[in-house]
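The same chain A turns up in both complexes below, where it pairs with chain B and then with chain C.
Then we have the complex of A and B:
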């Protein structure tokens, strides 16, 4: 019975991906992408990875979908980028046998690697790290066993934010929310959802130590709440270009991580070698910093793309 | 199979029927506004029935409460989202003439 469900899920994923790539209208392709992300989250659940499913649903389906559609709004405003008939932007598919062969080779490689792994992986219990600073094995791996990788990950996110802030549009005026802010339903919804979002983000960080959750999922929920506020034109989060403290908060994730790492180094232990007592608190501190940072990063990405104002391009 | 299981399964199947009705409405209704109507009403009722069916079979009261809370959250967002879509549609309709 479960096999039928899994087979249906895989079939649905393939169908969605095919539609997504063959769809000439970019807006519809964006919507297909959001649906694909949701079904992917279901697939992660079936694979027994609730942390990844949470991250996929929040970031892959939610925030990335919003970024796509926001970017499309700009593309539509520049008709020179669209097809010559003016019938909307069309994606030209690359019809070349070399690309097809490359895709086949890649699929074969992945299948071979997975096939070689499966006999080893089945029958083993979930990994348990008794000396790690967190009870949840995913968090333990992310922030303790492979903490250095996660530190570099947060630095990469920071670079992305810097790139978007440099090359993207500047802070727009309140005109983006002029129409929507007047709608009482949307304002009521935002009044309900944004505080709930902040609470849920805090719960995700706290519960991530023992169950499913973690910093990136919480950051995605925070970013989503910020994007919702941005869409209504409420200036709850000041534009990052103008206020230094917002930029400092965005750097906080990497900063706190690096601070803790250098602190353990200065205390005579290794780089990112948490002490046995208080290690969990350090991990929680890092996760809070990372969640705030990821949330501000996603909001900054959303602010940086999208339609430029008609009066002129951003500096 | 106790009567509670039967009740739960019956509710879930009924919820599935509502989802099917909503999908049929999405495919067959002529206009965006009528399609939104079908999606919002039928799908959310279907979701409520499915959640009720699962809550009846839940192991602890906390799980049942969480399921019903999820339904309440979806209801809270579905109404305003449908209204926003309808407003955007009427705005686009006016611009395109």
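Then we have the complex of A and C:
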């Protein structure tokens, strides 16, 4: 019975993926992409990965979809948007059957590897980390066993924001003009969702120690709340461009992480080698800093890819 | 031998192939971004399928890998979108694409 559900879910995933790439209207393709991400979240749940499901829903579907649609708002009339078959483009579409054969061959190769390795992988017992600094095994791996990778991951987000700022005029922040302020439904929704989002983010950080959750999921919920605020034109989050303290907060996640790492080094232990007694508290400290930073960074990325704010121009 | 894990792993392979095909074939840059994300999701599906255990808790290391992968994917997507927007700006003034 469960296998039937899984088979239907997989079929839905493949259909959504095919549809979103063939959809002629880019806006609809973006919406289908968000739907695809949400169904992926269901697949993660079926595979026993609730942390990944939370991250996929918040970051993979939510923030990526929002980024895409925001870019679309600016780029819509671009001549490169020349229809799904590329008929009006000066960039020629690579439509030889060789590409289809290549993709098919690679898919077959990967499928063969998967088929050979899945019995081997699922036969092994899962590794256990009883002395790690968190009860949730994924959080334990992220922030203790492989903490170094997560430290670099926060730096990657920072790099992305630096690149986005360098590519355009950078995160603007500010109001979208008078048009959105007149939408009472959106304002009512924001009044409900944003405080709930802040609470949920805090809960995710706290619960991530023992159950599903964690800093990145919380940061994505915070970032999503910030994006919602941006859309209404309420300047609730000060623009990063203008205020240094906001930029400092955005960097603070990586900073706190690095500080803890250097602190353990200075205390005579290894880099990121938490003491047995205070390990859980250090992990919580890192996660709080990371959540706030990730929220601000994702908001900065959203602002950076969107339309430039010209006076009076509403989206 | 877990049928669930095999099913999702094969689905991941199919999504990867679909995404790869879309990245090469579709000429619009925004569509390529979407296709790369679909291919990435396929790879994540394969990783988490390897982590599945029919009895007992799943292997947390691929889960952590995929979590990191999702965050890095959004960073790369944001950078790609910002560059596409910059290209759009440049295209407006008559430069070649």
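By definition in this document, the second predicted complex is superposed on the first by the 256 of 315 C-alpha atoms of A that agree within 3 Å, B and C clash if a C-alpha of one lies under 4 Å from a C-alpha of the other, contacts with A are read in each partner's own complex, and residues count from 1 in each chain.
As a convention for this text, contacts are C-beta pairs under 8 Å (C-beta built on N, C-alpha and C of every residue); 3 or more make two chains touch, one makes a residue touch a chain.
Every value quoted in this text rests on a predicted model; they were computed, and no experiment measured them.
Between chain B and chain C, C touches the greater number of residues of chain A. When the two complexes are overlaid on their common chain A, residue A:20 makes contact with chain C while staying clear of chain B.
Touch criterion not met for A:248: it reaches neither chain B nor chain C. In the superposed model, A:7 makes contact with chain C only, not with chain B. When the two complexes are overlaid on their common chain A, residue A:185 makes contact with chain B while staying clear of chain C. In the superposition on chain A, A:107 makes contact with chain C only, while chain B stays out of contact range. In the superposition on chain A, A:267 makes contact with neither chain B nor chain C.
Touch criterion met: A:193 reaches chain B, while chain C stays clear of it. Overlap of the chain B and chain C interfaces on chain A comprises no residues.
Only residues 1-22, 24-31, 33-35, 37-38, 41, 44-46, 48-54, 56-61, 63-64, 66-68, 70-79, 81-89, 91, 97 of chain C touch chain A when the two sit together in their complex. Across the complex, chain A meets chain C through its residues 2-3, 6-7, 10, 13-14, 17-18, 20-21, 26, 29-30, 33, 36-37, 40, 43-44, 46-49, 51-52, 55-56, 59-60, 63-64, 67-68, 70-72, 74-75, 78-82, 84, 86, 89-95, 99-100, 102-104, 106-107, 110-111, 114-115, 117-119, 121-127, 129, 137-138, 140-142, 145-146, 149-150, 153, 156-157, 159-161, 163-164, 167-168, 214, 216, 294, 298, 301, 304-305. Note for the complex: chain B touches chain A at residues 76-77, 79-81, 83-84, 87, 91. If you check the complex, the residues on chain A that touch chain B are 179-180, 183, 185-186, 188-189, 192-193.
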